[in-house]
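Both complexes below contain subunit A, partnered by subunit B and then by subunit C.
Right after this comes the complex of A and B.
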């Protein structure tokens, strides 16, 4: 068990990616009740475009900003064109999920058509690696965790300290009452989809540098993010972030000490167990109709 | 269902069966098509089985499973492993269906705990776990390298079946599954599942256990999915984890969404789509995804229900089923005829419903505070009180939806009512109606009555009621309540007054002898009210115990033998209507002063 601290730390570092994606999922869900399954693909497409721009001479750091904005705009377009026309009715929650699955397939196909099926390399923001408790951890991954933490901090600040952020939280709690006091639900949705999709772009940006740039870049991370969301509850931003980190650590521990071959199985077994005890997630609100 | 309709259905089933068998022989032993079309037909067949299993669950239960690849994989690997030991195809199908059915039943039990969305995501996790297990459990699955599947052996055939002839197995299985899907849709099971899907609360009130219904449906669906895996294993002759990946699960969802849920034909269209697209786009991997994604988005945006149901709805409107014909007002129901009808459907109440010291609290608020009263057999008891008096809470205690924080007892004769689950109360002979009717949105009035009468058979048998046949009961109620013009209509197509009459029809179909009614008069116009009065008088004369909860004080006072008055959860008064009219405490609670009630009562 001598490498336990290292296992935990690298778990936290990968967990930061899951936490980012999980936070994006929850921000979007709270605004429009949509589980955006295309969130990972949106981030991936933005990073593909950015990758081409970087190859054409754009500085890597500027590329990160471009990716965030691009993904944000795609998120806004998704909400406007595909989600808002669905309106509100009993079955919309699931239909919206299936539509975003369809969108994910479209983006996937779009990437294949635009960039081909081969994976590409993607530059790191900072080279080299640090030695922590006997394991080598790339500086780029550490930076990713730091940027993820900063982004999550910014989101926390936005939602608790600014007037519009508070209004957005109010809308998530009670859309009817929010409309009555004059909060524009359309604007809330736009900002949520922008911010949520932007988070996914950060995650995809560093995942691409860590592995390679390919169309399935975010799939396994997205699943761990969903596991984190289950754990924390679909409606809790803090729960999603904590859930994402817990999954990162749990996944690493399961892979190291139990079985590297059955990581997903172990992680999901834990989630299912938790859900049977608390169907709304550990920190989720008890609003059954939403869960 | 009329005899002509029954014949049409029988004719349809026979034609489908003949078409399936003919196709199987044409492409199999008769070799009327080449190898490639043969393979496509085999693929379309096992895709169809898989899509139907997902489609049925979504259509009848509202449960969307993205994890059905798990059951398909189960079927495929059971086939691959058992064939090694010379187990015949028929036994393999049974073993796979049993294993998948049991696992599906267990998973289905939990479906009700989660929303559609959450459960969908959870089953997606199941798909993911399946891929992982299949890739790594090498002994059983051959791991990522996959495994070869031996030839199928049938107990009816002398020699093993050549792989290229397995198309016969696929087509015959698909035909059988098509018919099973159709039969389930038209059966009591299908109707029960639709009832639970549309209105969980009302479904419990007619005696259904939602989690058991969900689990049964899930088990059946999983069993069907497993046979898709068996067919796939034999016709491809080689299986590997790719066939059971998350992408495969999503493809099944595409097929379900595009074809449209709730019909075998929808599953056929959907599976045709997911078979054809990748074949047509074999040289360009991205194109298939493009078509899938694009079609899914477009269909959901513009034809929310999918192709087949959208087409059917158009036909339904064109035939004029949807609209209720205007014209002569409905013939009124007459109290004497109603009494006669009720006595054929329900036993007279034999036992007192008795509540002793019932209290219900909501975090400090006392919704019911130590309430006791009795509904003697065959009496009509009115329950009145201002808003927030606890009337609805009391009804929910009787239906089992609320558990009292304390109660000495709630009994019907010697039976402890509180010990029974909400679904168990119909079997005690207790029925209820709802303030907003709460009919089952996807069942026509006739189908609803048929379902409930079917469920009520044991109760009628126990009460020695001669009339037990669900069809006869349904027809009797349709005529007795003048609902025949609306028999084929869905609740949403009917005016509210008719919906409330249909709700009463539902309680008659249960065969309950103690009926609680939640605000039966609310939302009705004068004509409908007079009709409801006749219905209630008829039920009363037939000896049914009735508990009427309503704001329409005058109506209640004129109909009831005894009246209970609640105020802030406490029992304010209990007595005959005349004494309640004079009770100063009641006047004060209701109208603020004794003077005003005279005006209200006589004005």
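Right after this comes the complex of A and C.
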């Protein structure tokens, strides 16, 4: 297993994409009880728009910021126009889930209409590669991992050290009590959807440079992000991030030492095992009954 | 006074008999006129196709549809064939074989199409062909799909112009061995068709040179992270690699191999001979070798110019490329077959016309020849290579069924 350290490092770097998506999913879930299946497509659409702007002369670094803002605004629009009107009825969780699935399909079709079906190349922020433990890692991928870590750190700081972040956590814990003490749940939801969707844009931006820009860009990564969420816990942001990285490493190890064909099977077998032992995920909170 | 009824009775009997005879003759004459075929009216011939128009494989389906529509529009603008214009009913099967069976039923029973022309997908066609050909007896003409077993023995109502994937793999295997490579890796999707391609590649390489060793690696459709596979390939140090993926996976692995500084020849099949392969992968695919069904879409010949003009009208956002040119050529063959029908246009006369087509040159594919014993119109492939950022012809065309 001479290249084991290299495979693990490569897995961590790949896992940063899954961790970003997983964090976005959990931020949105914790604020509005909505599992947003359109998060990947939202990020992809933002990157398509950004790609066109970059082709028209926008600097690539500025493109990343534009993608984050665009995706954030799309997330806010989704929450305001599609999710908030659902209110707090009995089946709202399921209805919202279905709505986000439908939104994802609409975005997919919209990308085809606007940009055609062909995959297209997407520029890297930093060209070249570094040799780490004997394998080459693209600088762009390493940068993605660094930016992902910084974004996660910023989110962690926001949620734990700022008043508004604390308010958001309070809303997630107990929306009724939060409203009673004057926390604006609507504003909390808006910011959560902006931040969560922005995370997806960062993931899609670097994925596009790594592979190619196409409408199905984030499907495979989202699949693994959800695996990370279930592993780490749907209610735990730290768990989602760690889960995403763990999935990246497991995925790489399975692909390198067992079979590229069975990567998905092995990764999900591990998830099932963990959930069997701890259904709420490793860091997730168990369900509490209200009395 | 008594009336003599005998003459009246005799007249009545004669009248009735004459009437019965006349009526029978009229009915018989009516039956002698061919019953109209589904999908064919005095003004229209309706044809159908299933293609992936959404999902990851839509990047194939949508250009193929554009090419088909361009060919139909060209024929319709010239007045159609035998006074009838073509109408195409295309349905999105999302590259799903099970969905294709349902779509085929819908096209046949509700839309009542005359024939399937240039539908896409080997797994999809394999799933639906028993119903289409054996149960519904609807012709399938020139699918963008191909398996060798479909033509051996030839199947009723089924004609193709696309060299089967296994035959392409044989050419590629022989080519890699002829180029002197002894240690080969064949990477493929886990789909049956791609697995077969990899096996045919290996067998052909070994037939050419028994000292050749071939290893197999596989992955699932839709994979995007090829880091581990590239690391594994780098560690094995092959002389060359053959890829049997769709375009997205081919590009992703080629980029990853270049990143890991694995600079070995890459061989692949006709499905990857698309200009966007170069647009996306850039230098990662420089030198890639492949086989192609058709001439380059940039060729300055009357047939290809006509295609470019027609494509620009029907799909202004579609750039001329191998996929749309391919389906344009396939549709041209079908239109010509209809043109050559003597008598009423029925599924049977279409089949007869196909069986009688000899050396028909579309100017896009190699000349096609069909017969009752040969339903594969051509076995020729053109070898191509990416040099200077373009697909370029490399050497002469080869016959995929012979040891070239």
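Rule of thumb we're sticking to: the second predicted complex is superposed on the first by the 287 of 291 C-alpha atoms of A that agree within 3 Å, B and C clash if a C-alpha of one lies under 4 Å from a C-alpha of the other, contacts with A are read in each partner's own complex, and residues count from 1 in each chain.
The criterion applied here is as follows: contacts are C-beta pairs under 8 Å (C-beta built on N, C-alpha and C of every residue); 3 or more make two chains touch, one makes a residue touch a chain.
As the structure is a computational prediction, the values presented were derived from the model and not from experiment.
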Contacts of A:7 with subunit B and subunit C, given as first, second, both or neither: second
First, second, both or neither for A:272, with subunit B first and subunit C second: first
Partner chain in contact with A:135 - subunit B first, subunit C second, else both or neither: second
First (subunit B), second (subunit C), both or neither touched by A:99: first
Subunit B versus subunit C as contact partner of A:227, first or second or both or neither: first
Touching partner for A:117 - first (subunit B), second (subunit C), both, neither: both
Touched partner set for A:109, first subunit B, second subunit C, both or neither: both
Contacts of A:82 with subunit B and subunit C, given as first, second, both or neither: first
Which superposed partner A:261 touches (first subunit B, second subunit C, both, neither): both
Subunit B and subunit C footprints on subunit A, overlapping residues: 108-109, 112, 117, 219, 261, 263-264
Parts of subunit A lying in touch with subunit C, wherever the complex brings them together: 3, 6-7, 10, 14, 108-109, 112, 116-121, 129, 135-136, 138, 207, 210-212, 214-216, 219-221, 251-256, 259-261, 263-264
Subunit A residues within the subunit B interface of the complex: 35, 82, 85-86, 91, 93-95, 97-99, 101-110, 112-113, 117, 219, 223, 226-227, 230, 234, 261-265, 268-269, 271-272, 275-276, 279, 288-291
Contact footprint of subunit A on subunit B as seen in their complex: 64, 110, 113-118, 120-122, 124-126, 128-129, 132-133, 135-136, 246, 250, 253-254, 257, 285-290, 292-297, 300-301, 304
Complex contact set, residues of subunit C against subunit A: 54-56, 58-59, 61-63, 190, 217-220, 222-225, 227-229, 231-232, 234-235, 247-248, 251-252, 255, 259-261, 276, 279-282, 317-318
